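Chain IDs A, B, C, D, E, F, G and H follow the sequence of writing; residue 1 opens each chain.
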Amino acid sequence: MEYLKNLLEEYKNGNVSLDKTMNELKNLPYKDMDFAKIDHHRHLRQGFPEVVFCAGKTNEQIVEILKELKRKNSIVLATKANKENADFILQKLPQCRYHEKAKTISYGTFPKIKTHSYACLITAGTADIPVAEESRIFLKAAGIQTKKLYDCGVAGVHRLFSNVDDVLNASAIIVIAGMEGALASIIGGIAPCPVIAVPTSIGYGANLGGIAALLGMLNSCAPTVSVVNIDNGFGAAYSASMIVKQSDR
Amino acid sequence: MEYLKNLLEEYKNGNVSLDKTMNELKNLPYKDMDFAKIDHHRHLRQGFPEVVFCAGKTNEQIVEILKELKRKNSIVLATKANKENADFILQKLPQCRYHEKAKTISYGTFPKIKTHSYACLITAGTADIPVAEESRIFLKAAGIQTKKLYDCGVAGVHRLFSNVDDVLNASAIIVIAGMEGALASIIGGIAPCPVIAVPTSIGYGANLGGIAALLGMLNSCAPTVSVVNIDNGFGAAYSASMIVKQSDR
Amino acid sequence: MEYLKNLLEEYKNGNVSLDKTMNELKNLPYKDMDFAKIDHHRHLRQGFPEVVFCAGKTNEQIVEILKELKRKNSIVLATKANKENADFILQKLPQCRYHEKAKTISYGTFPKIKTHSYACLITAGTADIPVAEESRIFLKAAGIQTKKLYDCGVAGVHRLFSNVDDVLNASAIIVIAGMEGALASIIGGIAPCPVIAVPTSIGYGANLGGIAALLGMLNSCAPTVSVVNIDNGFGAAYSASMIVKQSDR
Amino acid sequence: MEYLKNLLEEYKNGNVSLDKTMNELKNLPYKDMDFAKIDHHRHLRQGFPEVVFCAGKTNEQIVEILKELKRKNSIVLATKANKENADFILQKLPQCRYHEKAKTISYGTFPKIKTHSYACLITAGTADIPVAEESRIFLKAAGIQTKKLYDCGVAGVHRLFSNVDDVLNASAIIVIAGMEGALASIIGGIAPCPVIAVPTSIGYGANLGGIAALLGMLNSCAPTVSVVNIDNGFGAAYSASMIVKQSDR
Amino acid sequence: MEYLKNLLEEYKNGNVSLDKTMNELKNLPYKDMDFAKIDHHRHLRQGFPEVVFCAGKTNEQIVEILKELKRKNSIVLATKANKENADFILQKLPQCRYHEKAKTISYGTFPKIKTHSYACLITAGTADIPVAEESRIFLKAAGIQTKKLYDCGVAGVHRLFSNVDDVLNASAIIVIAGMEGALASIIGGIAPCPVIAVPTSIGYGANLGGIAALLGMLNSCAPTVSVVNIDNGFGAAYSASMIVKQSDR
Amino acid sequence: MEYLKNLLEEYKNGNVSLDKTMNELKNLPYKDMDFAKIDHHRHLRQGFPEVVFCAGKTNEQIVEILKELKRKNSIVLATKANKENADFILQKLPQCRYHEKAKTISYGTFPKIKTHSYACLITAGTADIPVAEESRIFLKAAGIQTKKLYDCGVAGVHRLFSNVDDVLNASAIIVIAGMEGALASIIGGIAPCPVIAVPTSIGYGANLGGIAALLGMLNSCAPTVSVVNIDNGFGAAYSASMIVKQSDR
Amino acid sequence: MEYLKNLLEEYKNGNVSLDKTMNELKNLPYKDMDFAKIDHHRHLRQGFPEVVFCAGKTNEQIVEILKELKRKNSIVLATKANKENADFILQKLPQCRYHEKAKTISYGTFPKIKTHSYACLITAGTADIPVAEESRIFLKAAGIQTKKLYDCGVAGVHRLFSNVDDVLNASAIIVIAGMEGALASIIGGIAPCPVIAVPTSIGYGANLGGIAALLGMLNSCAPTVSVVNIDNGFGAAYSASMIVKQSDR
Amino acid sequence: MEYLKNLLEEYKNGNVSLDKTMNELKNLPYKDMDFAKIDHHRHLRQGFPEVVFCAGKTNEQIVEILKELKRKNSIVLATKANKENADFILQKLPQCRYHEKAKTISYGTFPKIKTHSYACLITAGTADIPVAEESRIFLKAAGIQTKKLYDCGVAGVHRLFSNVDDVLNASAIIVIAGMEGALASIIGGIAPCPVIAVPTSIGYGANLGGIAALLGMLNSCAPTVSVVNIDNGFGAAYSASMIVKQSDR
């Protein structure tokens, strides 16, 4: 509101004309919203990277947006980037790096890890790892500490049990699972922190492209589970990063 | 085939005319199938009760069918019978008994338990018990031994663990669960016998009347799980009774 | 682990027989899990009430479970309780109180509010308020501070704008909306904390009992939104209570 | 009806035989319908182009239909034309032009803009632009004035606010959005003219190929929103062109 | 913007303090939006009634909202009001009138019809009339002229043909149809104005509560058809009223 | 066309003015269509009754329509009439008769059976009989001969086999089945005439109100099966009556 | 039954041993069924070709089955054959012919047309023709006369009207339409013979791969419409061929 | 439990320190679970192979997992392996063998058949064979005897009848069918042992990728049918192998 006060004083002092003041104020609702956004962004810029969703955009558009965002951010990400996107973009912007498993491109320097609290990433199977990596890269770019427990479904449940402390001490947990998604209920039954469940499209037939896991997670008998879209590792990580950051202050 | 041999010999000896022989043989495909059925039925009658599905039938029809079946069977069941069905039927057939939780009417004497092997009935919650009871009454009427572990979901999982031997030594397990149905995957992950999962319509919203549990169970990462229709305790018990009987011989 | 150490020493000293030690240890996996649960529960008891889900249970069962839980907890809740449930239960347990709008029964004393941080409850319309109240009663029973902004959809959006500070300073936000659920995206676009969206079954026709709002929220272009089941005010509040509590420490 | 009057007079004057008159009249129901159509078409030809839907047609069929329609129209369009369609068609009909972003082929001369009123095209994201361009090319070919506000979703909402006058003064608005489609509700909440919403197939997972946006728009709490099929930029533009033309007279 | 100019001049002249000016300006974004709304509302008040959606609200809430809205409007409507709603409300607000077929309550005086242009209401069957009446009452309350062609489906198609001029001269057409909803395509094929289609829940089985008609209308081969939610007569009328009003000026 | 010829001659002779002739001809498209309809109706009246679909209509409307139709038809039917409809209608029109199982009201005298060929009605279970009776009453009212084989599903398949000649000699077969609807495939595999399958809503859970049977029948491996809507006994009978009548001539 | 009689007489005469007779009779149920099938097939062979469904089979399997069937049939068809199937099969069986539009391979000589009655094939659009051609080739191979009215949807409805006699005199009509499938209702409203509707997968978005047309046709307000699977031209033709053949005798 | 007893005795004798004992016991819950698993595995290893699900895994991951599992198992399988998987894996692990029809890779030596009882594999059509082969290879690797009756649907039903003894004497039956899946009901109607039904994705249109068959099987009127996921030959075989093994002991 400093800006507004200065404007009014400058106007009263005659340094700014009525017309110019009027014009400034006319745009204030939106400018002000911009300020809010900037303020909000300032907070975000302390840790939350800007992210471009590649699907449905042309390679040229992605490059333009990345360049634009990079001007104002130390690190920018582009998610759901396939090999063909990556080849094009890395040729145009050689400073970019392609995290193939995560299908994510990073542009800029990853910050130092800033939190003592951490988010725990747990996948049911090997095939769920790409979605978990999308989460992990975002959290890394946001300066959030992570621990990962991959492949902890029925076949690898011992990994879960032998690292149960990582589950019990997390500030936020992201469970990534396809098929029936039961792992979310199991983790939700023991974890003392919020569980964000990411259904994946791993499975076939009556899996319906991840709908089975999605419905399972939404109906979880564990009341601590909330859910994001199928394969949406980025969204889960965004919520988790906010929770961890708040826990850490 | 004795019947056929006799017929042919009688015919050759002139005791039966060509016309009559022809006629008998013309109907043989169906008669023979009837024989097969009778044979098959004889086996069934050793333990498997006849069952009437009440939904969509008038009370009068149910009474007629029960009376008809009772003539040839020592015990007959009627499932999905609501209070109003039961009131009508017990008035007409006072020897019937209404198992209210199971929404099942029994007509006749329950046999002695005939098996050493047993089927284990496991429910996730209190609200799943009616479906489990439908299974249990059928198994009892079929002379199959059962053990029951009710209310073993997330909140009562200790009941599961403290009776884990009942799970490990069963010949068949029926898991009855609503909401996300994850219990089927958990049991399927530890049980060394076939698991028949019954999704229930317990839940709300995105549960879609049991579809969420159904899809979850069909997509179970445990390969030992097969599934029957939502709330179909009877069907699960029928398959289980066959498995237990075979294990027992 | 003190328990274990003592046991072993008592055994070595001959105060406990091998058989008894064996037996204790045999049950240790589950006992130990119980301990963990108790530990975990102790933490929970500091603020998180026990909750009974009424749907599908008989009134008698609900009363029994409430009585059992009340022994170990200062406050117990029962959700999705209709008028008929409430009449029965309050007759049997007159100390209970029925929060009609929230369709929730409380049994015991609400704790003092223990947090400086707060959860913000925002509904789109008047008809979404019952679900919000389910959230609010849980949070109150958990000792979590709340602010509520009800009826902030298109028709009442000024209420949102004139209380925008309550949105910007919350530690967790629960958005409750039916129809198309767009409010979750709008809030998600401005809030600097995690948004837990609760689709409601308010609407008709292609609303499909809340599925339209559910899908809308899962596909939100705002990356901070995670979602719980349709009408699941309790689940959203549970996650939110954990986030607020962590923010507060 | 001039035709009919002349026919009858010619017949009375003996210039046309009874037989021929009968025959003409026998076909009149259909002929007359043709006349109606022609009349209707005459009106349409003042601005509404003929449009060929390419999907499911062979390239040869498209070329034939385009040539046939071009005989009677100054401009003809072909929508949902992919690159391969375009290559074939432009080789056969070099006067055609391929609007790649719009996946639309135009054949003939675009008319002058004939309206003072205008339709406003608003997209949520970059990836929704192809559908918007399909609308825009149709409106251009129909001589309807347009204004476009692309990329006005959550990330670019400032573009919406800084051009709010274009929204407030439009005669018809087409909102094109994928994911959860919330932009339609936001625009519907402020626009004083009909809003035609086009859900797009942009999104993934529980987006279900645009069904999430479609349901969201159908359930919009803003009562001014009507909806066309997923990705149907052409249909939205057709309705919008009629509204603008009527507003303009 | 006069208000803003005056404020600044008063401030410069010292009639208003910096603090008060600051405060006024701080709220300007929302105030201004309110102004916009008021402006917009002024336009609306010339013809568009306020409407309360009854479903999900208590009778008490509906009465409160009706009273509140009536203060600022000459006519207010309440839709989806069942008999039980109506009985309660008319007792509390005896000036209200219940339009039973339309399931709509009106509160206040219907304005004179203000338009020469008109909206044409066409239903396929007798059972679709309630939804059409919801549209008609709204249009009447908005001062829009209407013509109605009820029961024009396959069985009554002669009514359509013998009133074809009403179709051809309308400024907007609302087609209300259940079952397969084909009437929308038939009307869309001949009408020279926008067609707003309302699928109804009339039908059974694979009709899926109106989904069949909804999908049929969304996929209409007539490009002039846009669609609103199942049974949403009000929404269709709202869009139609805007189109007619614009055509009339 | 006599009418047309006379009109023209009268006009030429000066007995009818040009204006009146023009007017008559102007309406000819619709009049002529009416003639066609009447012609078509005459054919129908030889056997096909008029039918009123009760659902969604008020009792008063049904009575009015029945009275209207009765004037021109010797027998009229009203389908999907529940007990409450029937009570009202039979009080107003005591000559009506309520076929309770068929949920059909007949008004007028059933004709003599006019065909040697016949339609065969086959149901899977007892609960499917009401739908079959809806078919049977229509066929009876249309003067079509029928044979019925009820309750021929898995439990009563012997009834099918012992009446296989009725299947093999039919001109059209209507198979009515709920649950999985497999009976349609079995009949389709042996019948040498068209099979019209009616899925019923008998079943529960994943039956989805008859959708399972509907999908099963649509995907039948027997190529002679076509399908009508769930529980649509009337529609199946209408098609069957046409086939039988054609076979008989 | 001649075979059976001979067998019995040969046995009585001592020409065949009891053992051999027993053996023959033991297999009689199935043999007899084979006889039935052969009998049935004999009837079919008078006009109905054998048909191989290519999808899901290897090219080698298709060739083997075609060769096997050709031995007993003068003409054999293979449907849903893509270009790649055709190339392989025509190389191995050069006497085959690929009907590309119909995606059907014929193997053998088409019979003369044997019926005076005919089936009428009506498509809504150009893109529906391949499915219609699948029907036409089958009917041709079955010796059934056909008339075709292609492209009679909204844009080409004049073709329908100017050939209305072909519609009115058909013995069976196949309507093939995608998008909303309304053409089936229109034809069903005027045709005096059974209408078999084939929904096609032509369309996009909310068309759901033909489900919209399928649901529309199942819910048709015209009671003469029955429906087959999406794109199932063969099935529709099979039913139609039976109807035409019966009409012709 | 021997291990535990020894540990305690060694500790009492001073051979093992308190610390080491504590440590061992601390991990006992999980270790013990491992023991249980090993125990369980030992049982399994007598016949049940380890299985890798290839879909969603990289070729490198599959090779690593196969090598790891092979160390502890005499035979390992990898299912849902396409040609490209197989080429890569067989190059790295030349001892592997690709069962192309079954899309399964085997690694190691198939055991001798160990059971007298057998599982019977029945497919409806040729196109269902790949799924049946997935079952068969698993059962072979598990040492379970199998009989196969392929292509027994409507067209090949004689194969079923002439091998009916194989059906009647099986200990478990796997029915594999696409389209409407009616074969499961037919087999379920005659088989005296549990039937595990595998819906396949064979079909098109309203088949919905196997959902039609899945729903059909879940709603089977035969109570002995339980169901696994679409195309899940492996899961069906796993359950069947357990049933056969139990029957055999």
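The criterion applied here is as follows: a residue touches a chain if its C-beta (ideal position, glycine included) is under 8 Å from a C-beta of that chain, and two chains touch if they have at least 3 such contacts.
These figures come from a predicted structure and were not determined experimentally.
Across A-E and A-B, it is A-B that has more C-beta pairs touching. Over half of the residue-numbered contact pairs at D-E are shared with one candidate from C-H, F-G or C-E, namely F-G.
Our note on geometry: chain D versus chain G, Cα centroid distance of 39 Å, whole angstroms.
For this pair, chain A with chain C, the centres built from the Cα atoms lie 25 Å apart. For chain G, residues that reach two or more other chains under the stated contact definition are 29, 33, 125, 205-207, 211, 214, 218-219, 229.
Those residues of chain E that touch chain F in the complex are listed here as 125-128, 158, 161-162, 178, 202, 204-207. Residues of chain H touching chain F in their complex: 124-125, 153-155, 157, 179-182, 185-186, 188-189, 203, 205-208, 211-213, 215-222. Considering their complex, residues 27, 29-30, 33-34, 55-57, 61, 65, 80, 199, 201, 209-211, 214, 229-232 of chain H touch chain A. Against chain B, the residues of chain H that register as touching in their complex are 36, 40, 43-44, 51, 168, 171, 190, 192-196, 214, 218-219, 223-229, 234-236, 238-239, 242-243, 246-247, 249. Listed in rising order, the residues of chain B touching chain G in the complex are 1, 4-5, 8-9, 11-12, 18, 21-22, 25-26, 28-29, 32-33.
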